[in-house]
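Both of the next two complexes hold subunit A, though its partner changes from subunit B to subunit C.
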Partner chain A sequence: MGLKRYVAKRVAHAAVVIYIVATVVFFAVRAIPGDPARVLLGGDANADAIAALREDMGLNQPLYVQYLRWLGDLVRGDFGQSVFNDQPVLDMLLGVAEPTASIAALGMVIAILIALPAGIVSSVKRYQWEDYVATAVSFVGISMPGFWIGIVLLLVFSARLGLVPAFGYVSISEGIVPWFKHIILPAIAVGLPYGGILMRMTRSSMMDVLNEDYMRTARAKGLSNRLVLFKHGLQNALIPIITIAGILLGVLLGGVVAVEVVFGIQGLGRLLIASIERRDFPVIQGAVIIISFIFVAMNLLVDILYTSINPRIKYGGGE
Partner chain B sequence: MTPRTPTQGSTREEPLLEVENLRTSFPTDRGDVTAVDGISFGVDTGEIFGIVGESGSGKSVTALSILGLAADGEVEADAIRFRGEELSTREMSAVRGGEISMIFQDPMSSLNPVMTVGEQIAEVVRHHGEVGESTGILSELRRKYVTGTSDSSRSWQRAVELLDTVGIPDPEQRANEYPHQLSGGMKQRVMIAQALAGDPSLIIADEPTTALDVTIEAQILNELFELRDEFGVSIVLITHDLAVVRETCDRVAVMYAGELMETARTETLFDEPTHPYTKGLLRSIPRVDDDREWLNAIDGTVPDPFNRPSGCPFRDRCDAAFELCSEPLDRYDATGTDHEVRCHLQHDAVDIDDGEPVVEGSLHSRLDGTETEPLDERSGVVEPGGERQ
Partner chain C sequence: MSVADRVRERLATEEGSRVLGIRSDLLDRLVKTIRLDLRAKIGFTIVVLFGLSAVFAPMLAPHDPMAQAFGMLQSPNPSSANPLGTDSFGRDLLSRLMYGARISLAVGLGAVTFGALVGILIGLFAGYYGGWLDDLLMRAVDVMWAFPWLLIAIILVAIFGQGFWNVMFAVGFAYIDDFARLARGEVLSVREEEYTLAAESIGLSDTEIIFEEVFPNTVAPLIVQFTVFTARAILAESTLSFLGLGVKPTTPTWGALLGQGRGFITQAWWISIIPGIAIMITVLGINLFGDALRDAFDVKETET
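And now, the complex of A and B:
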């Protein structure tokens, strides 16, 4: 099976996953206690006004009608309007996607830059001081929640040292340096827990690889230690690491949501939380769909990467 | 160390590889385990030298120790000489893969699953041959992860040639394949090609056919034969299979519990086995014309490595054990040329009387560390059935 057919098949799978997520979210948000019309009009609004607004918002129709209508719109790319400010949901989501994507991407880069070298050193120097230091650092990363790391970073680097701004976000289109200064702390905050887990994975995966027969073969060829490690070992060690990295993306994205709140960044996470508070159904649904789309897309990417890094895996299996 | 006595009719040159008193132990939680306990042997140019023994007797560890590949093992030796020169650890790592190469037991796991077989051979060519291609870490990593190995590079072409040499059909295409795309026999041929890529004078083959079925085994052994005949390489063949030894080896050493019990020319060993352990091994080979329903096994088990008996490690299982067996072993000449046995039955002062070994007077002076050279010419009956020349 060729790459194209494999991708097509996986995209079809992804569409099914996203449909299921969307459906679950649709019914879940309606199961949350609280009426959007009441929230919108305030606690002391009179019953008639609320009833009129409910009628207007289509909330009085049977659930299945609402569902089918919403699904029909969704298929046409229409995410609906926010009940809070009448803006198109898609525009709202795209407007806040950039900061979230920036933090997630930089966080991932930081995590990988820490985890891979530390994990490799740790496995090669196992049970020596390098290993103990790396392991201690990774456990600190794993044990602290991202938002708490964010608060500590804020206190030290913004409040105390004044090196970077504490709040908000500047688009990358306004310059790389200010953009970087605004997202570096949140990125570290989400990257450390993720990197900590990844480092432990790298360590154990590399240790397995170091004991493999083919590593002994490589040494028997008279290759230098570094060549044995990086030419013969690294790619084999990466196979399980990449799998885990893809699955853990969910952890990373979850971290971004919380960290955005700490750093006062208008991202997808904050929009989602605000929308839940004001029962803004269309925005909640849209945000969750976008997040699940990102997650599915990244995992698809990981799987494609996986097939290219592991020649034993063929696209989609059987010939 | 007692020098090897030149025996009559032997015109032996200096051995290609000479190992003197090799000892390897592995630290464990329960204390050190001695896997190889003071073995010595030499391998001549163009010779196939077999090391035979049960699983766990230390055959593979011997090979790995010589090459400096015994991972956590502590290796000591009075000398490991190659072409008459003693090799330091550093020198050994330069020779490894080139002058001395190794074929491993399990071709399924000994080839790198994420590299084409062509590249796995070509990298040896680059490192040990003179093809003028950079072997720096950056060039190697670029080749591995970015550009791939060029089909027109000399190292790659040599790899294809070697695949052809070891009898892989369609070598140009096969070179671009990954190990999982090849059969077990083909993988072992790739291992052999890889071992040949550095133009070795000595190949250490550690159970090269154990993981293969019998027909493939015969082909691979033939391959090794041809290598010796065509390129004059010496081969150390490690195996537990006495039939393989008989068919392939010029000389053979029998290993038991980390020690070499008997070393002899193959015909001598099979025709006139001297050590009780060797005899037991040969008796345990099932024969086609034998209609008995049981196999002759040697009673007992290999000694606990944490609790090795003093003296001869085989004495608890040995029919011929006698009072001397708990004393430290020595090497003795036995019948024929180049025949060495580590068994006190061969001692001068031991006489066989009615099948029972009898120790005569001069023995005790030897045990005190004075007198007696165990390797001198002896006279008289050594053992019933053992013919003297």
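And now, the complex of A and C:
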């Protein structure tokens, strides 16, 4: 199979997955008990008003009609309107995407900055004190809930030392420094556990590579240790590390949701939880589909990227 | 003796005896690891200590975890009566922690058991039969995988409501795909081994082959994954409880205690910090144990 056909096949597969995700979400959301019209109008609303609103929201139509209509809109990029405040769902999601994306991105940078050097040192100095220290630190990192790290950081750096603000978010368009000050603690909170896992992966992947013949050959050619390590070692070790990093994005995203709550940041996570409380079906659907889409797309990208870079991987070779 | 009987006997002697479907040589290595490996010793001790304090919480806890003491409202600080202080309702934090351990450990263990059972079954059948069944099952797994775990859990809790069992299934559901993938990969690697082919050639039924020949030879990485995911499940449960989507707002769980203490963080920091330390020590213990097992069973980090 050629690369083009392989890519086409993977993209088609991802599209089918996203479609099924969307369908599952549509029906799952409707299984959540509670009538959105009743939630919207409050407990003491009269029956006529509720019935009228249900009609207005299209909730009285058969489920399959609602589904087809929704699917048709979705294909055209229309995620519908929030039943809570009538805003287009896509606008609401884009409105809260920036803080979430900022925290996730900076968290990932922090994780990589810790994990790669620590993992490499750990693999090269295997079973020496450097390895033990790095391993111990990564184990503690993996074992802490991100939101708890957030609370500890908040207590020390905001409440006690007053170095950074404790709550809220400032857009990057209002200046990099205030933006950074607002997201640095949340980013550390999501980055530490993620970095802990990445460090273990880097160590184990590097150790595999260090035993390979080509490493010995490179050394025998008289290349410097550093060159061998980074050019031949890290480059090959990166493939499994990047794959795992993509798969674990879900863990990172989960961390961001709880951390947003700790720091009172109005992001995707808090919007999602609020929408579930107020039975705002269109927003829940939109949020889940977008998050799943990002997740699948990122992993697809990683997959295609290294398949096209690494000649040893056979397309569609499967297992 | 027929040829089939001889093959059968040979299969039995080569593999050694089994306990609960697990090859006895793996069990030997497990026991040896707990006795000799420092990580395993520390991890095992932590897990046993926390497990015991959870099981015997009603006997060990100094106070009723729900008993409010209004006199304590003004003095939540640790004292001889309340070694770890009290929460905002004057309830003893140490007692609440001990009761919280019951939920955290039970939900964590139960969630992974559920995810592992369903996932391993899917993986075994998909890997063993291949073809359309494999395609169907693994496409379903792909869809599960496309939902980040917290989304699955939040939606499931929203649909079925809060409560012990619902939270357990909601957390465990997200692990089905991981176990299915791992089990399937392992099955594919032993599918063409001689003992599988030999078992097929003497006409053992598919179920016999899957559960008696294939599964026992895939079990080492699954045990390691089980351990690692128990640690993750405890973190997941604490996250849900913290978000108010856990067992029940009134039940003391580590995540909920932490969340409730957040409002008093500047006056009484320990209400939030101590439950987090309990979570960390437990999860660390399980992770250490899992890491020792990984080495003992020779399972790669990138695999699980």
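Operating definition for what follows: the second predicted complex is superposed on the first by the 296 of 319 C-alpha atoms of A that agree within 3 Å, B and C clash if a C-alpha of one lies under 4 Å from a C-alpha of the other, contacts with A are read in each partner's own complex, and residues count from 1 in each chain.
Note that contacts are C-beta pairs under 8 Å (C-beta built on N, C-alpha and C of every residue); 3 or more make two chains touch, one makes a residue touch a chain.
All values reported here derive from a predicted model rather than from experimental measurement.
Colleague: Once both complexes are superposed via subunit A, do subunit B and subunit C end up clashing or fitting?
Modeller: fit
Colleague: Where does A:E212 make contact in the superposed view: on subunit B (first), on subunit C (second), on both, or on neither?
Modeller: A:E212 sits against subunit B, while subunit C stays out of touch.
Colleague: Quick one: is A:V24 in contact with subunit B, with subunit C, with both, or with neither? Answer first, second, both or neither.
Modeller: A:V24 sits against subunit C, while subunit B stays out of touch.
Colleague: So, does A:A220 touch the first partner subunit B, the second partner subunit C, both, or neither?
Modeller: first
Colleague: Kindly classify A:H232 by the partners it touches after superposition: subunit B alone (first), subunit C alone (second), both, or neither?
Modeller: First partner only.
Colleague: Given the superposition on chain A, which partner contacts more residues in subunit A: subunit B or subunit C?
Modeller: Between subunit B and subunit C, C touches the greater number of residues in subunit A.
Colleague: Using the touch definition from the top, say if A:L116 reaches subunit B (first), subunit C (second), both or neither.
Modeller: Neither subunit B nor subunit C is touched by A:L116.
Colleague: Determine, under the contact definition given at the top, whether A:L154 touches first (subunit B), second (subunit C), both, or neither.
Modeller: second
Colleague: Just the number, please: smallest Cα separation between subunit B and subunit C in the overlaid arrangement, in Å.
Modeller: 14
Colleague: Is there a shared patch on subunit A that both subunit B and subunit C touch, and which residues make it up?
Modeller: No residue sits in both footprints.
Colleague: Show which residues of subunit A lie in contact with subunit C when the two form their complex.
Modeller: 13, 16-18, 20-21, 24-25, 28-29, 31-33, 139-140, 142-145, 147-148, 151-152, 154-155, 159, 200-201, 203-205, 208, 240, 244, 249-251, 253-254, 257-258, 261-262, 272-273, 276, 284, 288, 291-292, 295-296, 319
Colleague: Across the complex, what residues on subunit B touch subunit A?
Modeller: Interface residues on the subunit B side: 64, 67, 69, 71, 93-98, 101-102, 104, 106, 109-115, 123-124, 127-128, 137, 140-141, 144-145, 178, 180, 191, 194, 198.
Colleague: So in the complex, which bits of subunit A are touching subunit B?
Modeller: Spelled out, the residues of subunit A in touch with subunit B are 212-214, 216-224, 226-227, 230-232, 235-236, 239, 309-312.
Colleague: Show which residues of subunit C lie in contact with subunit A when the two form their complex.
Modeller: 139, 142-143, 146-151, 154-155, 158-159, 161, 185, 188, 231-232, 235-236, 238-239, 242-243, 245, 255, 258, 262, 265-266, 269, 272-273, 276, 279-281, 283-284, 287-288, 291, 300-302
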